[in-house]
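The next part holds the structures, each set out as structure tokens.
Two complexes come next, and they have one chain in common, chain A, joined by chain B in the first and chain C in the second.
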Partner chain A sequence: MLLFFALPMLLTVVWSFFERTQFWMEPGFTLFAYENFFTSARAENYLYSMFHSAIAVVISFAIGFPIAVFVRRRLPQTAQHQVILLFVLPFMISELVRVFALRPVLGRTGPLNSFLMEIGLIDEPISVLLFTPTGVVIGDVLSFLPFMVFSGFLAMEAVQKYIFEVCDDLGAGRLHTFVDIIVPLAAPGIFAGSVFIFVNSLGVALVPTVLGGPGAVNAGLIVNQAIVALDFPLAMAVSAIMMATLILLLYVGHRLFDLTKIIRPIS
Partner chain B sequence: MTEQDIAVETLALTKRYGAVTALDAVDVTIDSGQYFVLLGPSGGGKTTLLRLIGGFVRPTAGQVLLHGADVSDLPPNLRPTAMVFQSYALFPHMTVERNVGYGLRLRKLPRADIERRVGDMLALVGLDGLAGRMPHELSGGQQQRVQLARALVLEADILLLDEPLAALDAKLRKDMCLELKRIQEQVGITFIHVTHNQEEAMTVADRIALIADGRLVEEGSPREIYQRPRKRFTADFVGETNIFDGTVTAADGDRATVDLGFAGVDVPADRPELQTGAAVAVSVRSELLALFDAAPAGDDWQSMPARYVKEIYLGLTTAHRLLLPNETEVVVQDLSHGERPAFAAGQPLYLGWRAGDACLHTD
Partner chain C sequence: MRDDFTSDLTHRLKWLYLLGVVAMLLSPVFYVIAISFNEHGFGARIYEFTFDWYRVVAGDTILLQSLEWTAYLALVTVAIAVPMGVLAAKFYRRSRRKVPFLVLMLTPLFVPADIMGSALLVYFKNLTQICEWLGDELGLTFLYGWFELGFMTAVIGMVIYTLPYVFIVILITMSRYREQQTEAARNCGATAWQAFWHVEFPQIRPGVLSACAFTTILTFNETVRTALLKGGFDTFSNVLVSQMLNIGMSGESYAMAGMMSMLSMAVIGGVLIYSLAAAERRERQARARAEPRMSA
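Up next is the complex of A and B:
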């Protein structure tokens, strides 16, 4: 753990203070990389990227979690795992191919626009679907949605089926059952899935590389660009800022919701 | 008896799952204010019957009437019923108080009312002082009491209990049985309790219905079910019984003579339809059989020869195993306490019982 996990994290922080050289870096202490980050468009892009990742999390929850609940509640026990396994299938295709395949789908002359025009919802093709933050969010949701389905389903598996019958007996409607019972009981899974999707949306450079454009980048792509430009201290600094942001978010979340209570297994 | 006095009535109630018939045209009538037990082996359909009454499953055919009104198409919350589930059915993230009060909060009752009714109910089920506990901090018995309170607090007048004590150990189950009975007498509503445990059924029931193979086998008071079972299945399922197959050789009104092949016995039979030559079964409870060195004398005594095999000490009672001339096994039970003669394996003896203690079964 220490060697493969803590040490690289520590080195990331240490290296972010090193002096940049032409092809690598040398020991020293300078805040130049941080200055570079905060005074350029990168900081702004980074904040936008966090915002877009949050939207991706919310959409994934809105789509993925109900799928998990449906599978657990309505399907026969034997079919449940088979249906959940279907969500693994996309992972058998390289992510690069999967994301790339979205490009023609979302394009101006792609099937999505054609379909929307066909049913008369729009008059002319929407160009906001590709090479924009919208495109990136769509890509993130489609790439990482299964994680919400998996973690939501696993959390729901711990919930006894009797619980739903009790809700029916007491007269809790769909909304009350969902808000009062299902969400609190599945909170550990929802939380795990959300963190996973947020981190990936923020850090996986591939999605904005393929589907993004000017202003539609994420932290991972910023790091990538810094590495391509051989500015290693900057790449390290952005990574360190990512870590700091996530730790801060977890801390705030903990203060607000008491995460130990959410994560503690309910027995 | 008026319509109002009948809490539950099912009419040819049937539930099929694909090719499997879980419940087959069951007619049962349950009086208001009764503690009614559905007793039977696992997979016999008793839980299905309870769930049909509660509205958790819809019947394939037939009707459920509650207080005379057809509720066959109503969901559980619109029926005058409340359910206590087997186990693990408390909301694990809510305190005892919030679990019990949840149904009332859904009905948007004033907070003070909710607090008062929840408090009263917790006192009734003997959980004062535990209102703030989480379910995982409670014992199994306490958890079932919380479920009971959660169901009773809604003031439904038919309470359904689905194997409520199945997860508890034997000692606790006994105590909880008495508790359930006390609570039922106190609130005075109809309790319908599903169990496969006959001791549990005997302890709580005003009436017992035996359910097996999706059918209502027999219904009666605990005493009737135990002492005068009409069906062979009932005699076999409840208590320790010895059953002998034979044919009727003479039948005159309230008495029949049955030929068992190696002995002829007299059996009380209040079945006017009984014909000479009919295949029947005769059952005698193990504790009503006695062992003799010679065939007991007197008109009233029935007897047959048997060979002693061995005794099994069971604490309160001792079971004696014997073999009949046709090699079927018979079990005789008597109280272990006190002086008793010892029998040797292979010793020839006579089994005896009073004619009135045997039961005749045609099916």
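Up next is the complex of A and C:
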């Protein structure tokens, strides 16, 4: 892991300062790749994709975390893992298939629009679902939602069942229990799940390529395009920025919530 | 399936919501599978069931070759990643400084495929150059081409990607194992290997099997890392993605996507059934032990 993961990731920073040649790069020190990134539309696209990723995180939390709470709180211990395995199933089907499958489903003539028209909810097909930022967010949520359920489920280990009983006895409302008790106790898991979804929404090029249409870009797609254009220093600069974002998020999360708490029950 | 006093209706609604979310995640995949069996393909008003698209896939030599390569890749990745995962989990349980090791093992989970793949691509290209330079300087020709893009670099990429999943799955299974059992076996004269193989391994076997299944599926499903690191061969996913992006979704693409999905569902379904059966067996054994014995 040190030789083939940590070292290449660290070296992306070094390579990002190399000078570009026609087909490769040569050792040197230049900030050209960073200048190229920050003074072009790429930086703006990067910020936009961060915004879309943040929306995907919020939606995934809203949909996925209540499931983790329900499974931990309401189901017997023996059934909990089997129910969570239900979410492994979509997660283990190729992301390629899941994302491409959304194309016919979300299209103007797809089953979603047909169904909504059939029940009379809309008069004409919604075209905003595909080849738009909305399509990218839908793709991100459907691709990475199971991770919020998994990390939320692990995090809920920290919320003992008697805590719910105490809250009920003291007359705390559902919203109060959720906001003041569950969320703070499960914060490490929520944070880890959110970082995973955020970083992958930002870095997986497949979703904007397939569902985003011509204008959609994220960090992963910028890296891909730079590699295809043989601009390796630029690809490495964007990777380095991406890794810096990830490390910063994990560091802040660890300082605030102690992320090792998530894995403590199984270690 | 419920252990407190919520109303039946609320409980059922929550179950409905949970199953609805699973259905929402799976429905596009089922839709693709349904289309793959339609003779007229996507968008047709008529639905006529056929296996023809699957016959086309089965008769395509390029696809079969890519399937063969993917199977080799999965086999080698499992053979390397699973034992490494077992060793890593054992090391983690015994180590005192857990955080740095945990960070190293789990960070790849958070790194998107395109970022990791491109970093490894540039790394291997540099290593190839370094090996060539060393070969020239030292006159050691066997150093040439060690890290040229090909099967080995794809395996390294896949091992780095799958190892965190294997590590987590095995760690979960190992959390139920008590180290005192190994100590007891050693006190009875067993070697370290015998204690592991005859005492510990049977108890972590479900985790190891699940890890093998997950690694196989992840390898079959992976597109980006293999596309960047594979060199001269194609995996099944690589052929599928190039078809989808260059030609569009044809009946054959739907059949390929259907095959990949059904394979994943069969494997995960198998793991689910196996784990349910194992849990039931454990519970039965525990109940039998708890029952008072009849005196003779």
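In the analysis below, the second predicted complex is superposed on the first by the 238 of 267 C-alpha atoms of A that agree within 3 Å, B and C clash if a C-alpha of one lies under 4 Å from a C-alpha of the other, contacts with A are read in each partner's own complex, and residues count from 1 in each chain.
Rule of thumb we're sticking to: contacts are C-beta pairs under 8 Å (C-beta built on N, C-alpha and C of every residue); 3 or more make two chains touch, one makes a residue touch a chain.
Please read all numbers here as calculations on a predicted model, not as lab measurements.
After overlaying the two complexes on the shared chain, residue contacts for A:146 are found with chain C alone; chain B is out of touch. Of the two partner chains, neither chain B nor chain C is touched by A:155. In the superposed pair of complexes, A:138 makes contact with neither chain B nor chain C. Within the superposed three-chain model, A:75 lies in touch with chain C and out of touch with chain B [touch as defined at top]. Once chain A of one complex is fitted onto chain A of the other, the partner contacts of A:7 are limited to chain C, with no touch recorded for chain B.
In the superposed model, A:170 makes contact with chain B only, not with chain C. Of the two partner chains, neither chain B nor chain C is touched by A:217. Touching more residues of chain A than its counterpart among chain B and chain C is C. Common to the chain B and chain C contact sets on chain A are residues 266-267. Listing the residues of chain A that touch chain B in their complex gives 160, 162-163, 165-166, 168-172, 176, 180-181, 184-185, 266-267. Of all residues in chain B, those touching chain A in their complex are 54, 56, 75-78, 81-83, 85-86, 88-89, 91-93, 102-103, 106-107, 136, 150-151, 154. On chain C, the positions that touch chain A within their shared complex are 1-4, 6, 11, 14, 17-18, 21-22, 24-29, 31-32, 35, 42-43, 92-93, 98-99, 102, 104-116, 118-123, 125-126, 156, 159-160, 163, 168, 171-172, 175, 214, 217-218, 220-221, 223-224, 228, 237, 240-241, 244-245, 249, 253, 257, 260-261, 264-265, 267-269, 271-272, 275-276, 279, 283. Interface of chain A with chain C (complex): residues 1-2, 4-9, 11-12, 15, 24, 63-64, 66-67, 70-71, 74-76, 78-79, 81-83, 85-90, 92-98, 100-105, 109, 111, 142, 145-146, 195-196, 199-200, 202-206, 209-210, 219-221, 223-224, 227, 232, 235-236, 239, 242-243, 246, 250, 260, 263, 265-267.
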